[in-house]
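Both complexes shown next keep chain A, but they swap its partner, so chain B is in the first and chain C is in the second.
So, the complex of A and B:
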């Protein structure tokens, strides 16, 4: 009997068992971060439903921990080989764990259950779950960054509030008309603030058609294209004045004190979840969401949470059963709009009712072209070097070329170090 | 005469002025915590800053206590704190007695080794100790958070008590020995009563540390019903949002016992810090 058939039979067996309450239930542990608000309520309901449907067969014991502490707890548990059967993790570096063998390859299980991952999940998130032909995680949650714009400020500046900019030239033209300066020359309203919210250099570079991976598959952050993008990025900041922008930014904070929510930023890049913050703190704010302007190609950046199963789990089948349940169309539909971000199940996301909401639709459209920071096993934190280079260039400590050359050297040193120790 | 008096006044005025300035500086965070705890959420980050909540929202305290099992966590925290205080005071003083008043081979070497353990950064020990407790089957119980206190009570506490015991004259112990007292009896009847201020300091440090300890309970306890206040406070903070007002209300309630304790114990604590024996 082939592996696939055997697994299929076993899965059917587990499902059949669930209709009878015979033996003592197999207990599996699930760690997550849904500890308050609507996401907690819905997750508790979903787990209770699963336990009810699998009474006497599988029982999920869940544990929710604050986002800020989750990583410490999980890391210590993993290092001590005590991780739970199923857990949430960072979608951005699944490959790091997959390479160590700590994660269960889910591809055979998906095949056995006759599920085609390419059909079910969005491409971008799915690619982050894949490692050397296997699928080591499921994309439970993901997100996108979009351009948020204030329609009232558009109207005040004589702009059409239904026509957000599509190119950077347009964006700057609009921005200049929206920007207001007070008597002391300080910004009162900034038309577009490149330092606000979730605006990152790599998104801008992607929009320019830049790739950080060269034709040989190597990570390159100092190619002429990247350098040119960084020069443009610095020009953007300089035309507004870094110090004035920083002074402006320091007036604002989070929630009601957010600069966009306070009506002081005409356009800014934010994660889709900003929608719920606006609802909570400025329900009357008239705003729109648009794709981030694209010089060459539409681009945005995503990350999210993956659902992973320990390869050391003693109850792999039960764990897979639960993970697949969480990713099922039905459950993902329930989670949609309740999580802090988007769902990874494409079929559920395209649900006609959800798509009637233009904000949801816009985010789903962006999910089709979004990019993730490329995962590099030898230097998984390479983007931090890039971010440092961006700041050095922005603050004028180094020229863009020099800052990126230095970042490239540091990344290559990391890669060398990895190769020497593995 | 008069100018001397006025010089003195100026000096006192300056000293008090500086002290008052610094106490106000240190009180601002506390004030801000209490002020925030009484604000509606939209006033928390408002600009310009609101120093006084208007109107004060006492309901925040009710909401904060309701949003996680506050009383249960307070009980758990109290239990852990009490056990650690008992453990630390009892075993650290026993070890310190042995290091200061008993003569045995290798005593000083062992003392220095004990002190040296303070130089090992706690982070490098997290995983080995976690593995140890896993093998003992103690993870998800209170044992990893209590038993270590009964195994010597930590190098710092031992050091503190030892230095104090050293200053107790040996003659006192000698006369007790001549009267036929056993070592344990001397320890309980002579050393401990004389060392109250030092023991008090150990107790206070332990209370503050255990009460606020976050990492230990976080990694060892998987069952939310066993959690402590420090972990409960985190439930107000999510990835993209924080209920600052509720968090501050719960923090105020959590800090309250420590603040009260400080006022009650202030004098004794100061005596402990100065490490005097109290023998005249």
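So, the complex of A and C:
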């Protein structure tokens, strides 16, 4: 009997057990971050439903931990072999954990259950879950970044609020008409603030058609194309003045104090779940969402939370059953409305009712072309070096070329360090 | 007779150790144990999942040859250590002398100055973040009152460390209280004798107060430097180490390496290098101090 068949039989067996409960329930632990608001309520409901349906067979014990404490707690739990069976983690670096052997390869289980991951999940998130041919995580939640624009400020500037910019030239043309300066020369309203929200250089570079991985599969952050993109990026900031922008930005914070929510930013790049913040803090704000203007190709950046199962779990089948339940169309649909981010199940995401909401539709469209920061096992945090280079160039400490050359050296040193220690 | 006495003392000693046992146990289990463990880990590569693997001195080799960011973090830490200690000791002494001269109300002021020391640090940091706000913050508003355009403080790679040093003055109460105790220990007759010889205030300060206070100043410098070398929460909470890594102190670096990068072995090596820098530095300070204090 093949592995696949054996697993299929076992899965069926577990499901059967749930109807004729005999033995004591298998307890599995699930750690997550849904500790407040509507996401907490829906997750509690989903877990309760699962426990009810598997009464006497599987019982899920969940633990919600705040985002800020979650990562340290999970890592310490892993170090002391006390990790939960099923847990949320960072979708951006699944490979880091897969390489250590802590994660269970879910591909055989998916095959046994006759689930085709390529059919169910979006490409981008799925590629982040894959490592050396296996699937080590499931994309529970994901997100995209889009251009948010204030329709009232568009009207005031005599612009058509139904026509957001599609090119950077257009964007700057609009931005200049929206920007307002007070008597002291400080910004009162910024038409487009490149430092606001979730505006990252790598998205701009991708829009320029640039890749950070060369044809040999190596990380290259100082190719002429990247340098040119960074020069353009710095020009965008310099035309507004870094100091003035920083001073402007420091007036605002998070939530109700957000610059866009306060109506002080005409256009800004934000993650899709900004929608729920606007609903909560400024329900009357008249705004629109558009794809981020693209020089060459549409581009945006995604990250999110993955669902992972410990390879050391004593109840792998029960854990897989619960994880697949969380990824099922039905549960993902339930989550869709209540989570502030996007779901990883493509079939659920394309639900006709959901697609009637233009904001949802826009985000799902973006999910089709979005990218993740490429994962490199030897230097998983390479993008922090890139980010530092961007800042150095922005602050005028180094030329874009110099900053990116230095970042490249640091990344190569990281790769060398990895090779020396592994 | 002596035998019984020694038995009595032995019992007393035993009871003494019993009372100290919780501390001894805690110290060895939760402080000494981890210290020794990090020494071992610093020679390994350890991802917190698989058992540590011995790699000898490779971590140290990397640290000294391939990691410029460590030296930057070290520079930041020393900048902060010396900046904050210098200001704290200088201003602390100034306030202590003011307080000890104004005998009336001294107790109240002593309490007032000491109060911030006992406040929880996270809310205080948020308060300071608001004060450092370049536009709406109190500090720049006051500067603006005098026609000075204040810097971007925490948003500026140049001003972020001075901002944190300025903030560290908030906890100056401890130093003031120690200085006050030291000042009260200086015998009054020294000043009286100096007055008879026609010494003025400045002379009295430099010839009597400062030399007599030297052990206290030294104590404050050493404890201050060691305390400041542990700076972590300020940058973790307020700046995340930025802008441009200007507030990435060694401890933040170690934390990020250990828990974000999951390079426990390398982070341990970094902690030990820091330790190896601080120990000789403290010994050197003691040597210098011996030269200063000739009594």
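To be clear about the criterion, the second predicted complex is superposed on the first by the 422 of 422 C-alpha atoms of A that agree within 3 Å, B and C clash if a C-alpha of one lies under 4 Å from a C-alpha of the other, contacts with A are read in each partner's own complex, and residues count from 1 in each chain.
The criterion applied here is as follows: a residue touches a chain if its C-beta (ideal position, glycine included) is under 8 Å from a C-beta of that chain, and two chains touch if they have at least 3 such contacts.
Since the structure is predicted, the reported quantities are computational estimates derived from the model, not experimental observations.
Peer 1: Quick one: on chain A, after the overlay, do chain B and chain C clash, or do they fit? Just give me the call.
Peer 2: Here the two partners, once superposed via chain A, clash with each other.
Peer 1: When the two structures are overlaid on chain A, which partner does A:166 contact: first (chain B), second (chain C), both, or neither?
Peer 2: neither
Peer 1: Between chain B and chain C, whom does A:397 touch in the aligned arrangement: first, second, both, or neither?
Peer 2: The second partner, chain C, only.
Peer 1: On the A-aligned overlay, A:186 touches which partner chain: chain B = first, chain C = second, or both, or neither?
Peer 2: Only chain C is touched by A:186; chain B is not.
Peer 1: Look at A:281 in the shared chain and tell me whether it touches chain B only, chain C only, both, or neither; answer first, second, both or neither.
Peer 2: First partner only.
Peer 1: With the two structures laid over each other on chain A, which partner does A:257 touch: chain B (first), chain C (second), both, or neither?
Peer 2: first
Peer 1: Let me test your reading of the model: by the given contact rule, A:246 touches which partner, first (chain B), second (chain C), both or neither?
Peer 2: second
Peer 1: Can A:100 be said to touch chain B (first), chain C (second), both, or neither?
Peer 2: After superposition on chain A, A:100 lies in contact with chain C alone.
Peer 1: According to the stated criteria, A:68 is in contact with first (chain B), second (chain C), both, or neither; which is it?
Peer 2: first
Peer 1: In the superposed arrangement, does A:36 touch chain B (first), chain C (second), both or neither?
Peer 2: After superposition on chain A, A:36 lies in contact with chain B alone.
Peer 1: State the stretch of chain B that overlaps chain C in the combined model; pick it from 44-52, 134-142 or 152-160.
Peer 2: 152-160
Peer 1: Once the two structures are fitted together, what part of chain A is touched by chain B and by chain C alike?
Peer 2: Of chain A, residues 72, 76, 79, 251 contact chain B in one complex and chain C in the other.
Peer 1: Which bits of chain B are touching chain A when the two form their complex?
Peer 2: Per the stated touch rule, the residues are 41-42, 44-47, 67, 126-127, 130-131, 134, 139, 214-215, 218-219, 222-224, 231, 234-242.
Peer 1: Could you list, by residue number, the parts of chain A that touch chain B in their complex?
Peer 2: Listed in rising order, the residues are 29, 33, 35-37, 63-69, 72-73, 76-77, 79-82, 251-257, 262, 271, 273, 277, 281, 340.
Peer 1: For chain A, which residues count as touching chain C in their complex?
Peer 2: Of all residues in chain A, those touching chain C are 71-72, 75-76, 78-79, 96-97, 100-102, 186, 243, 246-248, 250-251, 380-381, 388, 391-392, 395, 397, 410, 413, 416-417, 420-422.
Peer 1: In the complex of these two chains, what residues of chain C are touching chain A?
Peer 2: Within the complex, chain C touches chain A at residues 45, 47-50, 55, 58-59, 61-62, 66-69, 133-136, 152, 155-157, 242-245, 259-263, 265-266.
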